[in-house]
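What follows is one structure encoded as structure tokens, with my remarks underneath.
Every chain is named by a letter (A, B, C, D, E, F, G and H) in the order it is written, and numbering of its residues begins at 1.
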Amino acid sequence: MENKKELILNKEWCKGCWICVEFCPKQVLDMKDGKCQIVNLEDCIYCQLCEIRCPDNAIYIKTVGGNDHD
Amino acid sequence: MENKKELILNKEWCKGCWICVEFCPKQVLDMKDGKCQIVNLEDCIYCQLCEIRCPDNAIYIKTVGGNDHD
Amino acid sequence: MDASQLIQKYYRLDKLPHIWCPGCGHGILLNSLVRAIDNLGLNKDEVVVVSGIGCSSRAPGYLDFNTLHTTHGRALAFATGIKHANPNLHVIVIMGDGDSFAIGGNHLIHACRRNIDITAIVFNNNIYGMTGGQYSPTTPYGDLAATAPYGNPDSPFDICQLAKGAGATYIARGTAYHARELDKLIERGIKNKGFSLIEGLSMCPTYYGRKNRKGSAVDMLKFFKDNCIDKRLVDNNPQLGEGKILIGELYKSTRPEYTESYKAIIDKLKE
Amino acid sequence: MDASQLIQKYYRLDKLPHIWCPGCGHGILLNSLVRAIDNLGLNKDEVVVVSGIGCSSRAPGYLDFNTLHTTHGRALAFATGIKHANPNLHVIVIMGDGDSFAIGGNHLIHACRRNIDITAIVFNNNIYGMTGGQYSPTTPYGDLAATAPYGNPDSPFDICQLAKGAGATYIARGTAYHARELDKLIERGIKNKGFSLIEGLSMCPTYYGRKNRKGSAVDMLKFFKDNCIDKRLVDNNPQLGEGKILIGELYKSTRPEYTESYKAIIDKLKE
Amino acid sequence: MTNGQNYILAQGNEACVEGALAAGMKFFAGYPITPSTEIAELSAQRLPQLGGKFIQMEDEIASMAAIIGASLAGVKAMTATSGPGFSLMQENIGFAAMAEVPCVIVNVQRGGPSTGLPTSPSQGDVMQAKWGSHGDYPAIALTPNSVQESYELTIKAFNLAEKYRTPVVLLMDETVGHMREKLILREEREIEIINRKKPRVKPEEYIPYKADEDLVPPMASFGEGYRYHVTGLAHDETGFPTNNHKIAGQLTERLVRKVKLNIDDFSYYEEYRLEDAETVIVAYGGVSRSAMLAIDRMREQGRKVGMFRPITIWPVLEKELKALSGRAKEIYVAEMNLGQYYLEVDRIAGKRCPVKKINKVTGELITPDEIIDAIDGGK
Amino acid sequence: MTNGQNYILAQGNEACVEGALAAGMKFFAGYPITPSTEIAELSAQRLPQLGGKFIQMEDEIASMAAIIGASLAGVKAMTATSGPGFSLMQENIGFAAMAEVPCVIVNVQRGGPSTGLPTSPSQGDVMQAKWGSHGDYPAIALTPNSVQESYELTIKAFNLAEKYRTPVVLLMDETVGHMREKLILREEREIEIINRKKPRVKPEEYIPYKADEDLVPPMASFGEGYRYHVTGLAHDETGFPTNNHKIAGQLTERLVRKVKLNIDDFSYYEEYRLEDAETVIVAYGGVSRSAMLAIDRMREQGRKVGMFRPITIWPVLEKELKALSGRAKEIYVAEMNLGQYYLEVDRIAGKRCPVKKINKVTGELITPDEIIDAIDGGK
Amino acid sequence: MFEKLEMRLSGSGGQGIVLASIIFADAALQGGLNVVQTQSFGPEARGGASKSEVIISKDNIKYPMVTKPDVLLALTQKSYEKYVSDLGKDAILVVDEGVEVNGVAPAKVYQLPIIKTAHERIGKSIVTNIVSIGALYNIIAKDLIDLASMKKAIANRVPPAFVDLNIQAFEEGIKLTV
Amino acid sequence: MFEKLEMRLSGSGGQGIVLASIIFADAALQGGLNVVQTQSFGPEARGGASKSEVIISKDNIKYPMVTKPDVLLALTQKSYEKYVSDLGKDAILVVDEGVEVNGVAPAKVYQLPIIKTAHERIGKSIVTNIVSIGALYNIIAKDLIDLASMKKAIANRVPPAFVDLNIQAFEEGIKLTV
């Protein structure tokens, strides 16, 4: 089974700091009402740059399926 | 008036540590009853090596007379 | 392990979101530590994370290890007791710049000197965050702070230089921007058998940023991006380093580790 | 001025002889300080000599200046208050290796960092003399001490390196054997507009010497003679330095001095 | 901050700084800690404006040391902290007491023990203010219950420190430190300022620790030509260490006595509706404000309740508390701790009337209702 | 040091180390200070022989921190110091109390305040042993009057620390610390050893600060699989910081109560010729030895004098002192300080009989004659 | 006749609730009234308080805390829920329009677009607090404190460059309730 | 019959006075007697004590300090002068021959070449203390403590390599008084 990547946004934890929005190379994200939101999922290249710099674990890539022994 | 140098030993302060005795280049000093004593004044060259390393200000060179404005 | 698994495995989920302000760099650094620990495959039960007092020092509370939130400045002294008592534990200490180098400076230099096998990570945001933005021993000369309304008359430490002078055997600097690289630096710090100091440049948009017109958290991250350079690049081309902050592994050496030296005594007495 | 005049002028004669043991190096170092002050022609009323607690810290009591014998390890913090309150005073701090670098280590590195115009002289005898010979942060690895009956498992600081890492702007090392040279080092330390650290290698025949079979005070002085070398010689010929202790002026630099930076703030506010 | 009038809206912490400046503070060394930090921050701002000096030290131990140093150099000096920092200062507070160096320490109390409740009020350091350092030493501590009084008592704290050459503690609580009220800034001529006694003899004749009749020795500053020695060791009148046990003992006794002996000079307290009171509430600091309202309410019900408010909290107001026990039927000591000042009230007043406690350590101010309930419950 | 027999000639300080080892001490962190240094030195020698650890820390703050760390890692830990170091340890002593970490702190008291009289005996830190740290916290302190008792009480100190999860202070004085007497080293089977309660539940079910009926929560060691959080902030049963005032208040109250509630479990004291005594001398530590001789001499004159010696000095022996006041005509509290324990005796016993002080702060042990004179003078 | 006014202002940290209460207290003080202003903080000092209280009184103020607020300002749902139960029947509740007032409420409730006004009419959400006090002033304090005192208090407590903006925000706040 | 013996040993720091008193106490303890040994120190611990006391008693010892010494050992002029006045008429004074006993003295005075014996007969002035206890033992304690206990106590308290030397010194001390 192939790995599928999923972009997860946890609005509960998001504090709206803009970091992911600004550092996303593909303008996938935007800010609305003080929370991040995904506006362009199709452009996402799953580079994890949002994940790596989100201070709040509020946005990240989840790998669905795939090798369990990872 | 010419400066005259004098070797002063203050037995009250001497603690008998041997330092001056051992480091005197001219064997001017010796130890007796736990105190330094001057045994060879004539050999003294007033080099101040005893003075400079005596931890107790117990032996030193005094300059008698000479230029008051020193 | 992907991020969602890491969060599940290493965070105390019911404590999140953490108390840090929006854009606080501490959360980014904390994630680096988690990834480093995961990469090393440490047993969670054998990891102890110790901190002092400060915004940064709230970090251990979010992590599912043995965690200890001590008094201001004293984390390394507590950690020394833990490590010496049970050298099998992996002891990691998180401190702020004030916690580690203001009130805690003495414990830091002595931990360096002893070369005790502890990994210290300093979340350096150049300010006392928790108490509202007073200058710290890493606040640059002339900068503004709540207790430096006319510009800081106090010069900062280069804490990596100081740790080197004190005898740490692994010293590295990373930033919240260079988070991936920081993972590796922390990883190597933990692996070093001896005292490791990792300075993580963090950002406090709320106080340091605002008072010094450094812009938003984003701007502060960009500052790291533009003003830091890896030491290896500079080693090859010193010109590149001019006016820049060196990051990467700055110093590494080998000396007897404290708990091993002590073990040798015990072993010898047993003979 | 000859020695008899120096003694008359600078010592509190009724307090002599001092309490130090026969052959204790501290008395030799203290004389160096007196000669340095005399050479500089400082006004006795403007000289403040501060110390902590220890054999070395008894030194100020013998000197006819403004003298302050504080708590263990805190001399530099008291001194900082004095200097900042009245920058016209020449503030000189005498500390033991334990006083300055064990319990007092934090105040020391912060005084270095601030580059406050204080001259600190460490009477380093590699041991806690006053309390009876426990190991200090300068006791060599493996040496014996009252609390290291099986050899010291703790590595020592190079205190000059540490002071450098912390930012002192003048750093020198002398010994009780090289007393004349020490005069000059202290003199230059006092002249430096900033924080100066002078490490004076002293000897404690009573504890360190006896426990480690280093022989008498005389033997310990001879050790300094045979094992120390002036940095300038080594600079020209690095081979000479192998296995030797460097003495002389080790480091010098220029940075803003704390009380001057503060004065600039006051002056600016007056405008 | 001023608005052209001679009064402003200010926090207790701010009032403390203004009081210090009015008293002549020229030096502040400190280390930030909630809920005292505003004192450091305002000092950092105000002092250099007046040619004074602020310094942020590396910790509280160093802060305490620095103000002692500054005071020896001749300037009036203060530090401010809260519980954890106050604990760290204790060794050097003892030094200041022993070496007789005037200085002021502000402790804005927060919830303890340990890190406790950093932003919440407490009165948990009352006993520590007297017993926090090792050995017997004199302790003076004043405790304000309003912004205005924070100002006035800071001035008094400096005056007492200077007059008796001893560290003086201003024991605030977070309630008072952080509340904002009207603060009247006094004119210079309205304020009584006391400066340390200076030697009236030539340097050769100066015996630095020879006390006058008031048991306080005159004090020269470093740099003024009186070259003397200061130590925390037991010392004789000349200031040098002594191995003479008798002299050592006399020194400790004098230090403690010089404060106790003169207690009438600074026995500050307030009586509230006490004239005919049968039930007396002893309360101080923030809690006294609750007590007043509680009393008003109980008086409305015709009950004879009043308050005795110690302002000088150390040394204990022995005379006044004893007198109180003669006229009260019962005494309640209401405090934001588990019963600290209570112990002294019980000791002194308990021989003649029952003394009970009203305590709260939740980090909240005791409410008037809680006081009323406690008294009613005690019925 | 042993000579083949089961008793040796030893100093109080040495006895303390032997007692600690007998109790299971496996860790000592300290910083040398007169007159406690022998405790560190002997620990440095003995611990590694038994697979334990000694460490000389950079100061007393770090020493106190290190023993807390070691205790959390599961070993029994101790430090030793004297006044100045005890002052420095206070912040972390409060932490140990708040985080409920068992450990033993020995304070061999010397003359204070400040550096004072480093080699002379004193009992000047009695109040500090209760009130030295900020906030309300539980204090247990035991005070021996002989070498043998130094040994026994060190064992008890460890047992109480473990049982109640709290720091316990062994309050020695230089007299006892440095005197040499016979020391009987007990066989292992003669010694009662108490170890901290361990969780009896699986890690998932462990609620680290949920107290049992005795108000003490079971304690897991770091590294045993119970990953929990320890903080000096006010916390709830799970160990995490709370902003809930009620819970915070309950925590402080429980901490203090768990010790007070169980005081009968460790109310140690000695009565000497007290049966028919009309004059009672309350004395402890070194001074109690003088008191006993004074009593013998006065008894020879037919006078009804006896001694009550608190061994548990904190919490105060309220019940026993109250009972005492019912049968004594007068009580004298003899101490090498200016009247510290006196305050509590006066509070508790002073309601029923006069309580007077006999004090000495010269750095010398009070002599039997001085006690007799004081009592006669008080006539 | 006016004797005493007890106000509680609440919201989330960073909404400037404390400053708002200070301005109120300052204005009342300048008007010759007695005032006490208090606040409660989060962990250590960081974050800033989310509850602040002002008591304004003819008499000396003894107990400095609000027991029965005459008015509660709640800018967030959380703060509304936390504090609404302390309100008596006669009290006044002022909430942002975003707050859902679910039954529990006193007689008088003002649901006002405070945050929106700051954001949209002034263009700076940082002035939310000042808009709030405009509204509060008009609802409850205009008979106690004169307008000039309020404006002066604002001017004294905000950075010089932003005085006009804040005065404007204040006036917008007033307008919300006319 | 023997009830109690109070001894005070004095000299200058470094003369091993404390060790001497410990050996005495240890030997008495091994002999089944009660003992207390104390000493007084100079500033902080440094230097070592110059006064040390031993009480040996059949009974339990309460007050641990010597009040009326039965015997005073003074190896230096200074210590003689400092402590001689505490001696009762029946007490015994043992001094080094270098000490000038100027009138003030109890009935029994022994002026012995202790330092010289250590120096000349043993060749190590470090054993002065052990020579002293030999003398003291013979003068005052031989009925209380058996010789073997004394020797065992010495052997237990000196470095292994120096046991023989010290036993010899002890015996020389005894000889001084026979």
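Here is the rule we go by: a residue touches a chain if its C-beta (ideal position, glycine included) is under 8 Å from a C-beta of that chain, and two chains touch if they have at least 3 such contacts.
Since the structure is predicted, the reported quantities are computational estimates derived from the model, not experimental observations.
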Each chain counted as touching chain B and chain G at once: none
Minimum number of chain-to-chain touching steps separating chain D from chain G: 2
Clusters that remain linked by touching, chain D excluded: A, C, E, F, G, H | B
Pair of chains joined by more contacts [C-beta pairs], B-D or D-F: B-D
Whole-Å gap separating chain A and chain H, where each centre is the average of the chain's CA atoms: 85
Centroid distance [mean C-alpha coordinates] between chain F and chain B, Å: 56
For chain C paired with chain D, centre-to-centre distance based on mean C-alpha positions, whole Å: 32
Interface hub residues of chain G, defined as touching at least two other chains: 42-45
Per-residue overlap in chain B, given as positions that touch at least 2 other chains: none
Residue numbers of chain D (touch at least two other chains): 21, 53, 69, 71, 102-103, 105-106, 110, 130-132, 137, 150, 154, 262, 265, 269
Chain F residues within the chain C interface of the complex: 26-27, 29, 48-49, 51, 53, 55, 57-59, 61-63, 65-75, 77, 91-92, 95, 222-225, 227-233, 240-241
Chain G contact footprint on chain E (complex, rising order): 3, 5, 7, 9, 34-35, 37, 118-119, 175, 178-182, 286, 289-290, 292-293, 296, 365, 367-368
Touch list for chain H against partner chain F, complex: 22, 25-26, 29-30, 34-45, 61-65, 67, 152, 156
Of chain F, residues touching chain D in the complex: 31-34, 37, 40-41, 44-45, 48, 54, 56, 58-60, 84, 114-115
Of chain D, residues touching chain E in the complex: 12, 15, 44-46, 48, 50, 60-61, 64-71, 74, 77-86, 88-89, 106-107, 110, 262, 265-266, 269-270
